[in-house]
């Protein structure tokens, strides 16, 4: 029951996953299965929230110096949840507007700013990595610099633009394609291993 | 309006302060972010899945006497509920059932899709181009010899170089062949050359988009918030 | 698709030529066809105008599907062939299309009717290729796993990043600083996550042996529970269940950038000596890698997301490229089962390469046979 | 012993890089420097096509050709895509070409309405006569196909609730026959959709604006002429912006501010619907209208500055590395 049944379930549902794609008549069933996966997955949310809560509760219990911030997380989480749920049952209410504003003016700018940090990280990564240590690093460096030039080229530098187009069209496509094919085989192999029950790491641990 | 815009600007600045060093402002923004996002996810799961995929369909199924549908929904819900067994020390292992169903289904699903998109389409794309013309094309080489120019050279060699690149990269990732094998030794250097050219170029190519993101944030502050602030204070 | 179109044109030409010699050519050629390999929910209408736009500026279609009222559809004659999918919804629905030409003077001329009943197939023949290849794969796996079990040594070449793992863990112990392990930011549906969890086990075992503080921040709720199990068993296997705590693997947050914000925040505060970034990553890859570098950690990264590899290559000390991530889990465990599949995978790759080269050579001589039989992306 | 310069370069603090980077990006943005890119063929082609429609309309004033603008992007990509949409819209209004706009996503309704009215206002265009906004047609496929016969039957009312057959513009332009060009600006795969339906089915010309990241996906369509042109990323936007700026200077001179105000000074008759926009400008609005005329080019100036800075950094780092190696070898 502890090990055999999960493996059997993985096998059965693995076959279903294959069948819904190669038997056209099961196309309607695919939607049912996708709904199933969404439903099943939604309950895992409880595990996630409890793990997060535990993490921050430990901080608070141990009187960690950042415990104030753990309270911030709890308060905003509950606040979002409450206004969101009330807003769901009372559309067009103040709660829903507040929820919308929290999304648009708290979540969105935080998201965008975190994303925008990449502008700086990519600079320092380039500074550190693009050094002609070995011939490989030199190739990386040259390709990177040429493309960066090409993207803002003007006047006499337009040649960089053409080189960029070529670099993207030929070597980059070739490298990415080779990688993708290999990765595809790896995915197929691992998936077969899971369906056959050879790969069991997802059940937590070895034998 | 100004209030919310100001909140957005202050939070953005708090995030950017992380570049200098970790500080209470950043910590506040970070924890606020986590709280908002988790709260938001809970609401979304509730409204989009619990209500739309479980409660509403079940009510509808009962109403329309579609018992098969009803049973399917109830089974899925019960399986999902098994996750909650993790909260008990003893029955923890029951949560493996939903996990293996999820993992099993997606694995089976991935076999066909990955074969399609990662392997077949890509291999085909390396034999012929989008228009269906073969990539190794002797005619184009002939054209180049007849009238040598940069563009005809590009047309003539791009296809073969692409094919060669894909082959050497594939060979590079053989794991069970010893490094002394002549084929592997031959492919090693060109494969790395292709990979590094590709990685360098992609890095440079993405650079532009990342800078745009930052410019976008600054545009928000200086071209949206600042005028609004001036307008409100001025008027 | 392509061959179908060519066939129709050829067919049209064949019939048009003799007719054209005697009387006027038809104004258009059209045909209603069953879409192969579906459940009958759709049929196709292929329309090739033969008359010039000056002669017939527009065509009028009367489309009747099942019991639905007849729909009218105007097609502007641009001299191009047109492919219309018609939705029937299910198998066994009769479909009829009547075509009229709208002449330049506005008068209508009937060009005839085409009809059929939508059909469903039981098997998508196109997917059978994947299925057969899968069977071949399974056979190969069983064969090589058998060999590995019998004790035959299966060679696997060294994977550079893996050699560094032991040193990196040792360094963390010496410095008395924690080890961070990020198993990607995707769900269990991604194979990369599974591969990462496989590598997590030996890493956790080593960490437990060295008594180094360990932290596994996760983004997906299901991955959290699996990661907890993996770490727990690893600690038990290392004989240190006393060091285990359910808080080692925890959910840091649930969205892309809030997660990266939270994890880089904890990196800044706890200053890990070693950071593993293995699994599926999106744009956040560089945020994590650069923050790890800022606190002076050794980063060991690996992903199968080809768009993120350039950043790992640039910012990290060691990177497992694409497939190496999968191979690494077999390499580290040295389990015959996993080694056997790796060998099978290589053989399959060899076969694919062979097929690929054959297709190229055939194509060179203008023979489409291999291409059309094995490498059709139509599904 | 003094640390040699190359050692310092190798161990420079990241924070210094970040500060310089910040300054480098901010200066062009605040000083409103503009970057004048060379116009690439695929952008010039779109411009030429609009000019051709203008020439056609001059010859056929009774049956003019219009342009259909589809806002196929949401707020998340508006930083890159807004400038494109604005430039092409300006070009169309400047040439008095009838304009029909709509949006492909619910999220974009507000954005589409705002930008359409924003640009229309600059040229005193009259709603219903010079331009219409159709809101969010759903389902999109049906709407695109409806344009093949008579769009007024599918979209009975416009966004503001006016009956379509009452709008003079829609009575002239209700069918693909009178649409000279379709402009789709998108961060998604929507241009593909337009190619499949409007181009393949009706042979319409498609001009695309897209983000820098997606641009690579659409090059094949340019080669096959299924798209007549493409603006890729901020750079493409800057190129079109430059073309329109030049045209505007030629037609109405350099004092755009005067021109915009003069439109509303002479007319005492209330021909503008205040539901769409209020005639006249406040000081602040005027500045906004002027500044959006160079968003892409100032953005590109920052962009270029950042690129050159990074390239400079990389060269510096390599010099430092080179001299360090040489010093080590001597020892």
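Labels for the chains are A, B, C and D, by order of writing; each one numbers its residues from 1.
Everything that follows uses one rule, which is that a contact is a pair of C-beta atoms (placed from the backbone, for glycine too) under 8 Å apart; a residue touches a chain by one contact, two chains touch by 3 or more.
Computed from a prediction, not measured in an experiment: that's the story for all the values here.
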*asked:* With centres defined from CA atoms, tell me which chain sits nearest the overall protein centre.
replied: B
*Looking at every pair of chains, which two share the most C-beta contact pairs?*
A-B
*Express in whole angstrom the distance between the two chain centres, defined as the mean CA positions of chain A and chain B.*
6
_Centre distance in Å when chain A and chain C are each reduced to the mean of their C-alpha atoms_ = 15
*Where chain C and chain D are represented by their mean Cα positions, the distance between them in whole Å*: 33
*With chain centres defined as C-alpha means, what is the inter-centre distance between chain B and chain C in Å?*
11
*So which bits of chain C are touching at least two other chains?*
127, 130, 134, 188, 191, 194, 222, 225-226, 252-255, 257-258, 261, 269, 309, 311, 313-314, 321-323, 327, 349, 352
*Contacts with 2+ other chains: residues of chain B*: 15, 18-19, 21, 27, 29-31, 33-34, 36-38, 40-41, 83, 86, 95, 99, 102-103, 106-107, 110-112, 115, 119, 123, 126, 163, 167, 170, 173, 195, 198-200, 202-203, 206-208, 211, 213-214, 216
*For chain D, which residues are shared contacts with two or more other chains?*
14, 18, 25, 212, 303, 306-307, 310
*Based on the touch definition given at the start, go ahead and assign the chain network to line, ring, star, complete or other.*
complete
*Residues of chain A touching chain D in their complex?*
119-120, 123-124, 126-128, 130-133, 141, 144-145, 148-149, 151-152, 154-155, 158, 168
*Which positions of chain B touch chain D when the two form their complex?*
19-21, 130-131, 206-209, 211-216, 218-219, 222-223, 227, 230-231
*Residues on chain C engaged by chain D in the complex (per definition of touch)*: 73-76, 78, 80, 82-83, 294
*Where on chain B does chain A make contact in their complex?*
4-5, 7-9, 11-12, 15-16, 18-19, 27-43, 45-47, 49-51, 53-54, 72-73, 76-77, 79-84, 86-87, 93, 95-115, 117-119, 122-123, 125-126, 154, 158, 161-170, 172-173, 191-208, 210-211, 213-214, 216-217, 220
*asked:* Applying the document's contact rule, which stretches of chain D touch chain A when the two form their complex?
replied: 12, 14, 17-18, 21-22, 25, 35-38, 212, 216, 235, 300, 303-304, 306-311, 313-314, 317-318, 321-322
